[in-house]
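We call the chains A, B and C, going by the order they appear; numbering starts again at 1 in every chain.
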Amino acid sequence: MTTSLTPDAATASLAGSAGARAVARATTGVADETTPDVEIVDVTKRFGAVTAVDRMRLSISRGEFYSLLGPSGCGKTTTLRMIAGFEQPTEGEIFLDGKPIAGIPPYRRNVNTVFQHYALFPHMDVARNVGYGLRQRKVAKVEEARRVGEALALVRLAGYERRRTWEMSGGQQQRVALARALVNHPTVLLLDEPLGALDLKLRKEMQLELKALQREVGITFVYVTHDQEEALTMSDVIVVMRDGRIQQQGDPTELYECPTNRFVADFLGSSNFIAATVEGVDASSRTATVRSDRGLVLRGTVTDPAAAIAAGDAVTVATRPERLEVRPDDGAAPGAAPGWTELAGRIRQGTYLGDHSEYRVVTDLAGELIVRRQNTVGAGSALGGGPGDPVVVRWHETANLILVG
Amino acid sequence: MATALTPTPARTGGGRAKSALLTGALLLPASIWYLFLLVLPMGFVVAFSFGEKARNGGYTPAFTLDNYGQVMKGADPFLESLKLATAGTFLTLLVALPLAYFLATRAGSRKGLFVLLLVIPFWTSFLIRTYSWLIVLGRGNLGGFIGGLLGDPNFRLLGTPGAILLGLVYGYLPLMIFPLYVTLERMDRSLIEASKDLGAGRWATFRQITLPIALPGLVTGSILVFIPMMGEYVIPQILGYGRTFLIGNALVLDFLEARNWPLGSAKAVVLIATMLITISVYVWFVNRGRQARGVGVLGARPP
Amino acid sequence: MADQDRDAFMARLARTKVNRRSFLAAAGLIGGGAALAACTGSTGGTQAPASAEPSAAPSTVASAAESTAPTAAASYAIEDELWMLNWSGYVDPGNMEAFKAEYGVKNFQYDIFANNEELLAKLAGGATGYDMSCPTAEFIPQMAEQGYIQKLDFSRIPNFQYIDKAVLSQKWDPNNEYHVPKDFGTTGILYRSKIVKEPITSWKEFYDLSTGKYSGKVVLVDSLGDVLAMPLKMLGFSINTIDQGELAQAQKLLTDLAPHILALDSDTYQDKLASEEAVLCLGWTGPLLALRQDPKTADTKYVVPSEGTMFWLDTWVMMADAPHPNATYAWFDYVERPAVQAKETEYTGYGTPNLEAKKLLSPDLLNDPSIFPPEDVMKNLEGADPTVTDNADRIAVWTAFKSSIGG
């Protein structure tokens, strides 16, 4: 707590937890009248020389579906385990329901976890598994049976009480694990990549089911995943993490449409990146004009509201492949309409992917660009031709995202 | 599927025969071993137990139940051995369980070192190790020291039931630790976290999760320890000063001294039966309620 | 302190020949003493290679040596091999080397057994190729009956004449057909005279002190025949009795003794004496030399009780299918040469029945009544009768006694 405090953090710690919450809310920009369920205030976790979580600050609102998204080793699971109580923060403080939880063991926290490999107790049947938490609280037998029945009905496993867990399918085991956690009515439900072990089709089904379930029970979910699609499907808020730090957080649309840095733009979906230098900035519209290293001039939106940029700054322009259009080069002179960029190039590789096709096009001014084209009329909408064929690529300036750093 | 299979019955049959052959080949050495070193000798023992002692000792074929009648009249050595083996198994379990738990969950990267330290003494002959306790517990050392504290010059540790139990626990500890260690080691650590996550404290978790899951190892270890303890007579002889008359002593006396093979055989049969019954009762006891849910110790296990 | 204890302990173990009634040996735990007595020097294995001998001269030297030896063995062709199955460390290696040199025997194999039961088991298991062995006498009838050993031609063992008639014509070989006596010993009383000041000369005194002043400091060897000898001789009966009335009286004495017993121990009773945990012991002479050599336990005394006691005799026997009978006869005769036998006695520390050899012994050894009891005690000694060892009534007395000591 004493070293390397940012001014904000210093203020927060001086102002106490209420102040800290206010600061946290202001930075996340989430408008919520109630007390956040979980607040992580300047939390750092070190394992020896490795810093797993680095001065993290996050406020998780009541009743929302949060995803912690990032590659392995980004600190998302460590964060989850600190909320659950399996790890203690090296620095900083975590508040659960407004109360600091440092030193409170996992079994006294009103938080439940769905583990990656379910962690169902092999020596207990489904009902005993689900009722485990209730029994620890000395809930009466009749009451236990009633609530277990309810929880199983909730996950569509009514009637499976006496089944052996290890005889069930992965999806069913997953639901047992969910029921076992939900039956305790936790303040927050933590989910540690719970769908990782399922096959793709089942995973997609479960994603929707989980989201629906979360709506139904209204409990705050904190969901750890490295799968961007999973995060986009289910989350109210996605928190992208890398190397122990939060890169960006927001709702799925915001994150996809408006990534604030290159990592987020690349990790969530894919992007074409063009290195450039700022030529002019329009502060009011937060747009900028930049020139690429090869002389291509582009105009685009500066995505990071906190970024202060000026002429001469090095930036990266990101464009989503589906925002680019491609057509065979008909020999007509490239006469671009206002706001549009049009470049001639040659196909290096074309890949038919069923619902869409993907082309790698080499251009003189922007290097290699990935273009995605929806196959709206089936294979007929494919370009035809092959490597080396001349094409024209064009896109509108609204597709240009100017990223700092 | 059915149509695909019908045209090739010969190949399927051939494959099956081949696999049966392989199964047979794999089981052959063990089968021969068991046949000649277990089944056959056991058969002899059972057959002898109904015979009569030959004039100069040994065995003459006959059919009589007299031997069993005699065994029943002198049940004391059986009870002595049963008492000793039960107490010894229980004590060994008490020592082994925390140690195995520590090794499996808390030893970390030093696990290998600890296991090695545990095993090293067993590279020495069993006899030397048992004799070593004579020195450690003797009057020159621990026994005399405690005697000095108590102010009793005649105090001794050796030649007491305590010394025997100590020797038993020491001698058979690894047989108990390793099955326990293996089950605990194999146990999914997230089960413990799940239990705590669901509101169970340390002890509640140990009782409800760790212990039941370690139960197969515990039962295996107990059986591995109990059986040799039942037949044990070297440790009672050395550390117990030969003051107890156990079933092992009785067998030696019958076979070597009395040369009454039929009586000795009858005792051996009763000993084996005693152990089988005790173990069955024990397994039944720990399995109560578990079998119904298909998670019995010696029943089906998760795939 | 502990180190010295341990060293002394190991030294005693190493020097003590495995007891004929060793509990541990019976349990198969001491492989011919190899486990514990590994440093006795002559334990098992093959002898030193022939190249170590100065000149392995065949027939010429043999006949030259023969002229000095009072034997007619040379009229037979001595084979150049000799295979022996014996207790560990029970023959002077020097004598073996000298024999090899004299008779041109190239390979004198010394294989070991831990106890008589093991010897029988080895033979029953088909161990062949051995010329001779060394069982305790009471096993002779059984070995003869089962055809393991052959009758001896005593005309080829002239030195047999030196054997004391007192040990011959016993129940185990009434007509003296099968064996040449090797060593004998007695079952008697060991005690620490530093502590036990009372003179002990009889079983009666031993018994009274055991049940009285030295209660709880008494160790007995764990051997039916030896322990039973005490009450029976006290009562004036034969140690081999199977009379139920006599046995009942003996049982009464033993039952009264039981609560005073510290240990039944055939293997380490010497250590209990050494540590003074026990001061009275019914045991054998085996560990006596070692105890006396240690200044701390030099006060240990051995008494052959005046009422008489049991004696044991180890014997040379020839296997029925001995491949080298001539060399075997040569050895039997050689080893009974007084000078050779005297060296054997110095080596083993056990009493020799060879009267001429006794004359060559050092006075220390010769005048030790624990090794060579006086004439009047000698005549009260009794050998074990092999036909009564499995007597059910005797077994019952023993079982009752052991059970009454209590853990």
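Note that a residue touches a chain if its C-beta (ideal position, glycine included) is under 8 Å from a C-beta of that chain, and two chains touch if they have at least 3 such contacts.
All of these numbers come straight from a predicted model, not from anything done at the bench.
A.B. asks: Is the number of contacting C-beta pairs greater for A-B or for B-C?
C.D. replies: Spelling it out, more C-beta pairs touch across B-C than across the other pair.
A.B. asks: Taking the mean of each chain's Cα atoms, which chain ends up nearest the overall Cα mean?
C.D. replies: Centroid comparison flags B as closest.
A.B. asks: Of all the other chains, whose mean CA position lies farthest from chain A?
C.D. replies: C
A.B. asks: Please tell me the distance, in whole Å, between the geometric centres of chain A and chain C computed from their C-alpha atoms.
C.D. replies: 89
A.B. asks: Where the centres are mean C-alpha positions, what is the separation of chain A from chain B, in Å?
C.D. replies: Their C-alpha centroids are separated by 55 Å.
A.B. asks: Suppose each chain is reduced to the average of its Cα coordinates; what separation in Å results between chain B and chain C?
C.D. replies: Distance between chain centres, rounded to whole Å: 38 Å.
A.B. asks: If you look only at chain A, which of its residues touch chain B in the complex?
C.D. replies: Residues in contact with chain B: 84-86, 105-108, 111-113, 115-117, 119-125, 132-133, 136-137, 162, 164, 166, 180-181, 184.
A.B. asks: Quick one: which bits of chain C touch chain B in the complex? Just the residue numbers, please.
C.D. replies: Residues in contact with chain B: 1-2, 5-6, 9, 23-24, 26-27, 29-30, 35-36, 117, 142, 145, 216, 219, 222, 224, 261-265, 267-268, 271, 275-277, 387, 389-390, 392, 395, 398-399, 402-403, 405-407.
A.B. asks: Can you list the residues on chain B that touch chain C in the complex?
C.D. replies: So the residues of chain B touching chain C come out as 53, 56-57, 74, 76-77, 80, 125-128, 131, 134-135, 138-141, 154, 156, 158-161, 164, 233-234, 236-238, 240-245, 249-250, 252-253, 256-260.
A.B. asks: Can you check the complex and tell me which residues of chain B touch chain A?
C.D. replies: Residue list for chain B touching chain A: 188, 190-191, 193-201, 204, 208-209, 212-213, 215, 290, 293-295, 302-303.
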